[in-house]
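Note that the chains take the letters A, B, C and D in the order they are written out, and that residue 1 is the start of every chain.
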Amino acid sequence: MKTDENKVMRLKEAVEKYVTNGCHLSIGGFTLNRNPMAAVHEIIRQRKKNLHVYAHSNGQGVDELIGGGCVSHLEIAYGGTGKFMPTCIRFRKAVEAQTLMVEDYSNFQMTLRFMAGAMGVPFLPTRSSLGTDIINKWGFSENFRKENPRIPDEKLVVMDNPFDGWCDTEKVVLVPAINPDVTIIHVQTADVRGNCRMEGLTFADVEQAKASRVLIVTCEDLVDEEYLKTDPDRNQIPFIHATAVVKVPFGAYPTACFRYYDYDPVYMNAYVRAAHDDKEFEQFLNDMVYPHQTHADLLDHVGRHRLESIRADRSCGYAKDLDRK
Amino acid sequence: MKTDENKVMRLKEAVEKYVTNGCHLSIGGFTLNRNPMAAVHEIIRQRKKNLHVYAHSNGQGVDELIGGGCVSHLEIAYGGTGKFMPTCIRFRKAVEAQTLMVEDYSNFQMTLRFMAGAMGVPFLPTRSSLGTDIINKWGFSENFRKENPRIPDEKLVVMDNPFDGWCDTEKVVLVPAINPDVTIIHVQTADVRGNCRMEGLTFADVEQAKASRVLIVTCEDLVDEEYLKTDPDRNQIPFIHATAVVKVPFGAYPTACFRYYDYDPVYMNAYVRAAHDDKEFEQFLNDMVYPHQTHADLLDHVGRHRLESIRADRSCGYAKDLDRK
Amino acid sequence: MEYTLKELMTICAAREINNGDIVFCGTGISMLAAMAAKNINAPDSVIFFETGAIDSKLAHIPLAVADPRIMYHTSANGGLMDAFCTMQNPFVGQRVVGILGAAQIDIYGNLNSTVIGDYNAPDVRFSGSGGACDVASFVSRSIIFMKMEKRKFKKKLDYLTSPGYLDGPDGRKKAGLPPGGPDKVITDMGVMGFDPDTKQMILLGWFPGITPEQILDNMEFEIQTDRAVEIAVPTQTELTLLREKCDPHGLIL
Amino acid sequence: MEYTLKELMTICAAREINNGDIVFCGTGISMLAAMAAKNINAPDSVIFFETGAIDSKLAHIPLAVADPRIMYHTSANGGLMDAFCTMQNPFVGQRVVGILGAAQIDIYGNLNSTVIGDYNAPDVRFSGSGGACDVASFVSRSIIFMKMEKRKFKKKLDYLTSPGYLDGPDGRKKAGLPPGGPDKVITDMGVMGFDPDTKQMILLGWFPGITPEQILDNMEFEIQTDRAVEIAVPTQTELTLLREKCDPHGLIL
C-alpha cells in the first residue's frame, strides 16, 4: 500500500465496500455526541443485515442501526442517550422481543477491550465488576462462543493476581480484546491521507479506530496535510490507521459535534416519540432516512432553520441559546 | 485536601520535603529532552542517598543522579542519551563497579509498568521479550525481592493466554505495576493548581505522573488557570494528580524543551569528557552543581551567550542553527 | 419557602459532597446534585465525567455525560480511558464520590440497571451498566438516587449490575474489589445509610410529612429505623442557588 | 564516485526499505538510513520513533530519538504508549520495519545490547534494550547494523536482549512471539540474510574489495556463502542525495 495515497471516497461507496452483511462493526461517539450518523443512515439505507456491533455507550447511532433492522448481535455497556432517551427504545424492544442477542459489559470494560485490540494483546485486566452478574451471566452462550471463531470462548476471565497481592490486589478480571472488521468515526478535521483531529472529548474513538482492520473516517472539514502537520500536538490518529476518508458536513447530525454544532432536540424528541411504536418508527425511517440519496439530502429535508438553531457558538463550542426541552 | 489550593513551592523546599533518602523516584523526559534537570541538580545538591529510581530512557537526568551518588537501585530500559552518550557513562561505571543494583526491562515494559500504576492494576500484558534474557535473568535476586515489600516478588510473569489462542496469541508476559513515591516532570506550562500542558512529545510523563503518590511539576511558564482551561484539548495532566508546582525557567537545561530551547551541546560534550574520569567528574559537579544555590545561579554560570545559542526558533521549536558537533 | 420533592432530593445529595471530593456524576438529578454542591456547600469539589472531562465549568446544564456543555472550560479533555483510569487510580480514585441511580437496590446497596426478569429473556430491558459498575467497583463512596417502591427495594435483584457490599461486610474483599461502597441512598421519602458493621441499609432520616412506617411499606426488605431523624428542609439559600445558578430553565427540576 | 564505508552501509540499508514501510529507527546510522530511503528510493515510507512521533519531517537530522527535531511537522505527537502500541498493533505493526544495532549477534539474529560477561557482575555494561527488544519482538522485519568482529558475531550471546529467531525455525512460535524476525544484517564488510528454512544467517553479498573468507574470519560461527554476490556500489544519485539531503553538516557520516 502506498502511504501517501489519497483515501478520499464517497460515503455510499465506502459503506458498500467495507460494511458487509454480518461484519463486525463499531462506531465512534458517545450517546448524543459525535456519532457517525451520516454513515449510520447510509448503512440503514443500504439495508445491511446481521451486523455484529461493539458499543460502549454509542447511543443514538446504535439505536438507529437496531431500529433499521441491521443488527443481530450487540456487545454493549449502555443503551441510552441521557435525558432524551434514558434507555434506547429500539434497543429495548429488540432485546425484549429477543430479536437481538446482547452481551453486557461496563463502559470501562468495553474501552479496555478496544484498547487491547489496538495494543495487540488478547486481554487487559481491571478490578471492575468483580462479584457482579456482568461476570456471572452470559448473553452469548458457551456453545455460541465455541462455534463462532470471531468471538472469544469466554466472556470474561477472573484470575488471581500472579504477583501475590501486589498493589493490594488479590483478583482481577481480564476482558478480551476486540478487533472489529470496520470502525467508523466522525471527526472535526481530517486530511486526504486520514490524519485526524478531534476537538473536545475523544471518548474511545482513538482506541476503536486503532483496533479495527478497516477505519472509515467521516469529517466536517477535509484539509491540506500541511494544516494538520503544523500543529501535531492536536492530532490523535495518524494516517497509518485510516482506510477511507469522507467529507460529510454535519456528518454527526442529529448528534453534536463540538465547536461545529449541537445535538438537535427536535430530531431527538421526534425520534423518541416515533420509536415507541413500530409503525410510527417505520414512518420515521421513511421520512428521515430511506428517501434521501445522501446526507446532504437529509439536511435539505431538515432545513436551514433547524441547522442554524444548533450552530455552535464560537465562545463555548455549543449552541448557547438552543431550546433543549 | 482543598482542591483549589495553591501548590506553588520553591524547588529547594519541594525536594527537601518529598525526595527523602531511600525513596522510590521517577523522573520525566527522554534521553536529552525535557528531563527535570533543575530538580535533578537540587537532589544532587541536597546529597540525597539510596534512591530507588525507575526509568525508561531518562538519560541525562538518571546519569547525573547516579554520578551524584544518589542512586542505589535502578530499574531501567536504556541508559544513554543518543549520539552524545550511547551508553550513559556514570551508569556504566556504577554497574561495572557493582555499586548500583540494576533490573533491566524494555522501554515498552517500563511504560506499561507506569501505565499499570496509573490505572490501578497490578500488571499489564505484552508479547515483548518472550524468549529473551529480560525474562530469564534477574538483576534483583529472589531474596531481595521477597524481603523488600516495595517491589513485587517477581520481575516478570510469563502466562498462557487464558482466552485460548484469542488474537493468535499463545503466551503473554505480565509486567508489574510501579507506583513511585515521587515523580518529577518538567513541562512547558502549568497553573498554580497543577494543571499541565506539554508541547511536542509527551514520552511517558503522563503515565509516570499519574502512577505516583507525589507529583512535583516544574514548569517554564506558570500561568493563570484561565489560560489553560480555555484550550483544554492541549492539557495532558489535570491538577488532581499534582502535589507541588515550581516555576523554573530553563528547568530542563541542559536537555531540550520543545518550543523553548534546545539541548546544549557544550554542556553535553563537557559532561561526557568529565564523566569518564572520577576526579574530573567530581570537578564537574564542583563547577556545575554544588556551588549554585539555585538553578538560576547555574544558568548565570552558563551565561547568556550559551543560553541564547540554544533558544528555540519559533518556526520549528528547536535551535535551527545550533552547532551540534 | 416552598420546595419540590426533586429539589429536596437534590439538596440532600449535595449536602453529602465535601470540598476536595471529585464527583462522578451521570445525567439528570445526579448531575444537578453535583452542580448544587459546587454552588452551595462545596465550591472546591471537582465535577468529573466518565467521558473524560475534569472540572467542567458547566455554564449551562448538560443533558447527557457526552453533552458538548461538559467539554467547555475543563482542566483537560481526554477520553473514557483517562476517566476510568482516574477512578481506578490508587491515589486520586480514593477521592472520587460516585452519584448513581438504578432500577433496583438490595439491602447491601447492590444495584440493578440491566433487566427485570430472566437475563436471557427479560421482561424489561434497561440501559445496562454504562460506567455505573465501574464507579461502584472503584470509588471510595457512592450516593444513590432511588424511588421508594416495593419493586425497586428488592430482597433479591434480578441482575446485579453494580456492586454495593455484595453479601455482607466481607463481600467486597472476598470478591476482590477495592474497599469502598455505597454511603447514602436518597429517595423520595427519606435518606438511608449503611450500618458500619453489618453493611446493611438503615434509615437515617425521613422527609417532612413522611413517617418511617411509610418508608418501610415501600420496601420488600426490612431495615432498622431507630437511628433516623426528620431531615432538615432546604434553606432559602440552598433553594435560590439551586434554582438560579444550576437549572434556571428548569431542564431537570 | 568515491564513497565512505559508512555511506555504503547506509545506502545498503536504505535499499531494503520499500514504499509503504513504516520505519522504526534509532539514533545515528539507523536514522540516517531511514532518511536516505525516504530521500532516495522509498519516498512514501514513513519514519517513526519509539518516543511517539510519526512521519516527522526531519528538516534537520536528529541526534537522538527524543531530539526536538523529530517533533516538528509530524502526523501526530504522542508518547511511548502510542508508539509501542502501534508496533504491537495487529494491522499496522505488520508494516513496521525496524532498524537496530547491537554489541553482539548470533547465527539466529538474536542481539545483545546489555552486558559482556556475567549479567550480575558484568565486564562491560551497555545501554540495555531501550525499545530494541520491543521492536524485535513485534515487527515483521528488522534490519541490523553490525561491525564485523569475532567478539560481535558470537556462537553464544552473553545476554539475549532482542529476539531474532531464538533457537531456530520454531523458536519464535514456541516462545509465544509473533511471526517476523531479522531480515538483513548490514556490516562493514558485506550483507547477511537468513535462510528461509533454517533461519540461520547466510552471506548475501560482500562489499567491493572484500572476500567472503575475510568475512568468515571475523565471525565466531560459520555461515553459508554460496548464495553471495558482490554488492553494487552506491550510485552517484544515491550519494548525492544522502550527502546533500540527509546529512549536509556531516553530523553522522
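Assume a contact is a pair of C-beta atoms (placed from the backbone, for glycine too) under 8 Å apart; a residue touches a chain by one contact, two chains touch by 3 or more.
These numbers come from a predicted model, not from an experiment.
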Steps needed, at minimum, to go from subunit B to subunit C via contacts: 1
Chain-contact steps, minimal, separating subunit D from subunit C: 2
Length of the line joining the C-alpha centres of subunit B and subunit D, rounded to whole Å: 27
Chain centre separation (subunit A, subunit D; CA means) in Å: 40
Centre-to-centre distance between subunit B and subunit A (centres being mean Cα positions), rounded to whole Å: 37
Touching two or more other chains - residue numbers and ranges from subunit B: 117, 119-121, 126-127, 167, 169, 172, 179, 200, 233
Subunit C residues counted as touching two or more neighbouring chains: 71, 73, 77, 88, 90, 138, 178
Touch-based graph of the chains, sorted into line, ring, star, complete or other: other
Pairs of chains, among all present, that meet the touch criterion: A-B, A-C, A-D, B-C, B-D
In the complex, subunit C residues that touch subunit A: 27-28, 50-53, 59-60, 62-73, 77-81, 84, 88, 90, 110, 114, 119-134, 137-138, 159-163, 166, 171-172, 174-178, 249, 251-252
Residues of subunit A touching subunit C in the complex: 29-34, 56-57, 59, 76-84, 86-88, 91-92, 95-96, 98, 104-109, 111-112, 115, 126-134, 136-137, 139, 158, 167-172, 200-207, 256, 258, 262-263, 312, 316-318, 320, 324-325
Residues of subunit A that touch subunit D when the two form their complex: 1-4, 117-121, 179, 195, 210, 212-213, 228-230, 232-233, 235-241
Residue ranges of subunit D in contact with subunit A within the complex: 19-20, 22, 43-46, 54-55, 57, 71, 73-77, 85-86, 88-93, 95, 138, 178
Of all residues in subunit B, those that touch subunit A in their complex: 116-117, 119-127, 152-154, 157, 159, 161-164, 166-167, 169, 172, 174, 176-177, 179, 199-200, 233-234
